[in-house]
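Dropping the structures in below, format is structure tokens.
Heads up, the next two complexes both have subunit A, just with different partners, subunit B and then subunit C.
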Partner chain A sequence: MDYALVQAANGLVLGIIFAVIAVGLTLVFAVLKIVNFAHGELYMMGGYFAYYAIELLGLSPFPALAAAIAASFLLAALLERTLLTPLYSETTERKAEYGILITFGLSVALRNLALIVFGPFPLRPPSFVAGVQQWGPLILTNDRLVAGGVGLLVLMAVVYIMSRTAAGHALDAVSQSRESAAIVGIDPRLAYTLGFGLGGALAGAAGALMGPIFSLSPSMGILPDTQAFVIVILGGMGSVPGSIVAGILIGLLESLFTAFFPDPTRALSYSNAFGVLILMVILILRPTGLLGRRHMQME
Partner chain B sequence: MRRVRVPVVLALAAAAVIYAQVVSSYWLHIAIVSMIYGILAASWALLAGYAGQFSFGHMAFASLGGYTSALLVQWTHLPIPLGMASGTVVCAVLGSLIGWVCLRMRGPYLAIFTLAFAEIVRIILLTEYAVTNGPAGLRVPHLLGTPAKLPYYYIALGLLAVCLVTMSALAHSRWGFFFRAIREDEEAAAASGVHVVRAKMYAFAAASSFAGLAGAFYAHYIGILTPELGSPDQMGLVVAMAILGGIESLPAAVGGAAGVETLQEALRSAGAWRFVLFGVLLLVTMRFFRNGLLQPAWQRLMHPGASEGKVT
Partner chain C sequence: MTTLLAARNLVAGYLPGIDILQGVSVDGVRGQVRCILGPNGTGKSTLLKVLFGLIPPRAGEIHLAGDLLRGASPHTMGRRGVAYLPQRPSVFPFLSVEVNLRLGTWSYRRMPGRVEDSVQRAFERFPILWEKRRQPAGTLSGGQQRQLEVARSLMTDPGLILVDEPTASIEPRVAAQTYALIKELAVAGKAVLLVDQNIRGALEIADYVYVMRTGALLTEGPRGEFGGDTEALVARWLYASDRTAGQAEGGH
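After this line comes the complex of A and B, so read on.
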């Protein structure tokens, strides 16, 4: 039972981080109407940004986290400006497939670039706060507490931005109708850059938070990427609150699945397949995801 | 392949035979691998470019074809060609099943679903090491008893030719026409009497069985099979090949596969940088030359004088 309790606590932390990643993915989908297959690679880049801010610039971990978020935002905004502009042109045919292929190509390119620049060996950034906390049978490392706490703050910040600020309202307006938003004076191009940048920043934040826990490697983004798909499909494409709830749910369920799977030698590998299986079942039953909003469907 | 001119086919066949006589066994090996990837890229182009079904599960089918054949041969001592045939059949059945399941999914949802399918296949192959030997790789008996490359080269050439002719025939048949109708507008196609359910299942079944055949041949040629064959990076490679060649033309996709594979070997001294190069090349092609690099050239070769445009 103690093991299950620890697993549940770990699952909660993991779920919060999954939610941060998934909210970024869902935001990009809501605003740009594309599924970003390179989202996991932005998560990976965020981790490496934080690592090099600490190792090369000599920052301490928390400022490095802020630097990583800013760098991820800029990287994502730059990628959007250079690669995604055909999505907004009236002359581009079959935009959905352009979005799929360009981001899929980007994920392969970034992953292999990271393999050269950062090397194939796992790197481990220093802990945010060293040590562990213990309450009775429940043991958690400080890094996990930091990841969970900061992750929650990030989620609250996103909800605040989306519901209380002019920029958030502008993004929401563009996600509902680009033409109507343009009529009331919102520049859609600015909204696209902001939306994609914000999505990248969220992925980068998650990567920087997970660095000290799971170590960094060029392929670290593949799994969270699939998890984020599961969450976004579960929570509804384009729905920020849905992604938060679904993220935490998936994190918890997966950890408990690992704890209760009958064959412990295989539990860890199959816990990854578990989420993916949920995804496939949901898509079979509801091809646009649970809770998918009507106006969020592809044009 | 009624559109292809006879002299071009003869010239290509002659070039293939001359190539086999002059090059070293190393470049023969490159050619064999290129042709296997050629089948994979062309069948993906059939599914994605013609039918508009952007599946990222294509390499999972190659993997399944390979493992099915290898394990059947290992367990039942089936002759290897029969094993390869069973791998192909298994992929055709599973492919039509996936096509049926994905009926109502559009664009990115289909891509996510097939990516998830590929991940599940890879995770199972990695985890059940008692059967598959996991990440270390399964030893697979070779198709021929000889280490010589030349027989493999001609078998690969034959397989590629048969696959291309079959795929072209399909693409230019009624069903190929239905595929393109579905790609352009599913509702309009259905309203015009296209049997969408059946057409999608056929497209998936056909593309997956070619992938399974290619995977099985690859396994029995290389002699070792790892779950990495179905990894997202391998899928990315095949997508890059098809896109660089031209996603709406089968021969162009084969050309893209040969080009990428050859460049990959020629740039071996550049180390891992070449993968980045392909990624960037893919992005630039997608961004600026959406018809691919080879397809416009092929078009001009096949239809001199005709104005440029998409194959319809």
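After this line comes the complex of A and C, so read on.
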């Protein structure tokens, strides 16, 4: 039972981080109507940004985290401005295919670029706060507590932006109808850059938070990216609250599955499959996902 | 009467090589409802989309308040005081009625005092929207959604309003209110360009009429020049339309 409690706590932290990554992915999908296959690589870049902000600029871990979020936003916004512009041109045929190919290519390019620039060996940024906390049988490292706490703050900030600010309403408006958004005077190009930048910033924040826990490597984004796809579909494509609920749910359930699986030596190998199983069951019951919008307008 | 919008010889279309508009010229004049009539598929809605910047013209000129606009985007037109009410619903169905209204103030969103004033005025003018302000706009009836669109388009106090089929799919009582509101806007000094299939309803409030056929203007003139005989106009127009259809069938 103690093991299950520890797993539940770890699962909650992982779930929050999954949710941060997935919210970024779902925002990009909602606003730009593309699936960003390079989202995991933006997560990876966030980790390296934080690492080098500490190593090269001499920042302490928390300012380095802020710098990594800002740098990830700028990188994503730059990538959107340079690579995704053909998506908005009336002369581009097969825009969906273009979106898939360009982001998939970007994913491979960023991963290999990281291999050349950062090297193949794992790097470990210093802890945000060294040490562990113990409450009875429950032991958690401070880094996990920081990741969970800051991740939660980030999620609250996104919910606030989307539900209370004019910029969030504008992003939501563009996600519902580009033409109607243009009619009220919103510049869709600005919304695309903001949406993709925000998505990148969220991925980067998650990468920077997880760096001290799992170390950094060029391929570190592959698994979280796969998880994020599962979570986004489970929560409902384009739904920010859905991704938050689904992320925390998947993190918790996968960790508890590992705790209760009869063969502990194999439990970890099956945990991702368990997540997909949950997805399949939910989709049979609710084809639009947990909180998906039933009539999502696709323009 | 001031001419706010002057569009000259507009040519435009959706597919390369196929021009839906073939040299159309229209004016938007302050204090007037100018009505654009014509059969389905003749390019009336396309004309409004071109005027609002949703479709770039292939040829021709659009002057707004004396300035020549080249390739102006919809949000630029919005900032320049042009509002557009499209034929199909344009509310954001998952956002609340109040947020929909607030999005209408996007161009001056950094002026909170003005935003609040505009929202309050809209609620005073359309009390039903105040009652339903927290509801998602998609849950409103068709007529209420149309009222929300009208209220939202007025948030910027536009000088020119482009209205496409304002009474399509709404009940007659609400349609009559909508026409009365459009006329009221013109009387208040706004220029209105109205595209409508409801010829009788539109002609009742029109000051000037354009009749379009196959992407070009067939005729135009002040409402009075049509002899005040709405039935005759409708018959003439329908007869012409039927004859064209008959010729087309005969050709096959």
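The working rule: the second predicted complex is superposed on the first by the 276 of 299 C-alpha atoms of A that agree within 3 Å, B and C clash if a C-alpha of one lies under 4 Å from a C-alpha of the other, contacts with A are read in each partner's own complex, and residues count from 1 in each chain.
The rule we apply is simple: contacts are C-beta pairs under 8 Å (C-beta built on N, C-alpha and C of every residue); 3 or more make two chains touch, one makes a residue touch a chain.
As the structure is a prediction and not an experimental result, all values here were calculated from the model.
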| item | value |
| --- | --- |
| First (subunit B), second (subunit C), both or neither touched by A:M220 | neither |
| Partner chain(s) touched by A:V35 [first = subunit B, second = subunit C, both, neither] | first |
| Subunit B versus subunit C as contact partner of A:A246, first or second or both or neither | neither |
| Which of subunit B and subunit C A:S180 touches, first, second, both or neither | second |
| More subunit A residues in contact [subunit B versus subunit C] | B |
| First, second, both or neither for A:A201, with subunit B first and subunit C second | neither |
| Touched partner set for A:A166, first subunit B, second subunit C, both or neither | second |
| In the complex, subunit C residues that touch subunit A | 52, 54, 73-75, 78-79, 84, 86, 90-95, 99, 102-104, 106-107, 109, 152-153, 156 |
| List of subunit B residues in touch with subunit A within their complex | 48, 52, 54, 56, 101, 104-109, 111-113, 115-117, 119-120, 123-124, 126-127, 232-233, 236-237, 239-240, 243, 271-273, 275-276, 278-280, 282-283, 286-287, 290 |
| Complex contact set, residues of subunit A against subunit C | 166, 169-170, 172-173, 176-177, 179-187, 293, 295 |
| Footprint of subunit B on subunit A - complex, ascending | 34-35, 37, 82-83, 86, 94, 96-102, 104-113, 115-116, 222, 226, 229-230, 233, 266, 269-270, 272-273, 276-277, 279-280, 283-284, 287-289, 298 |
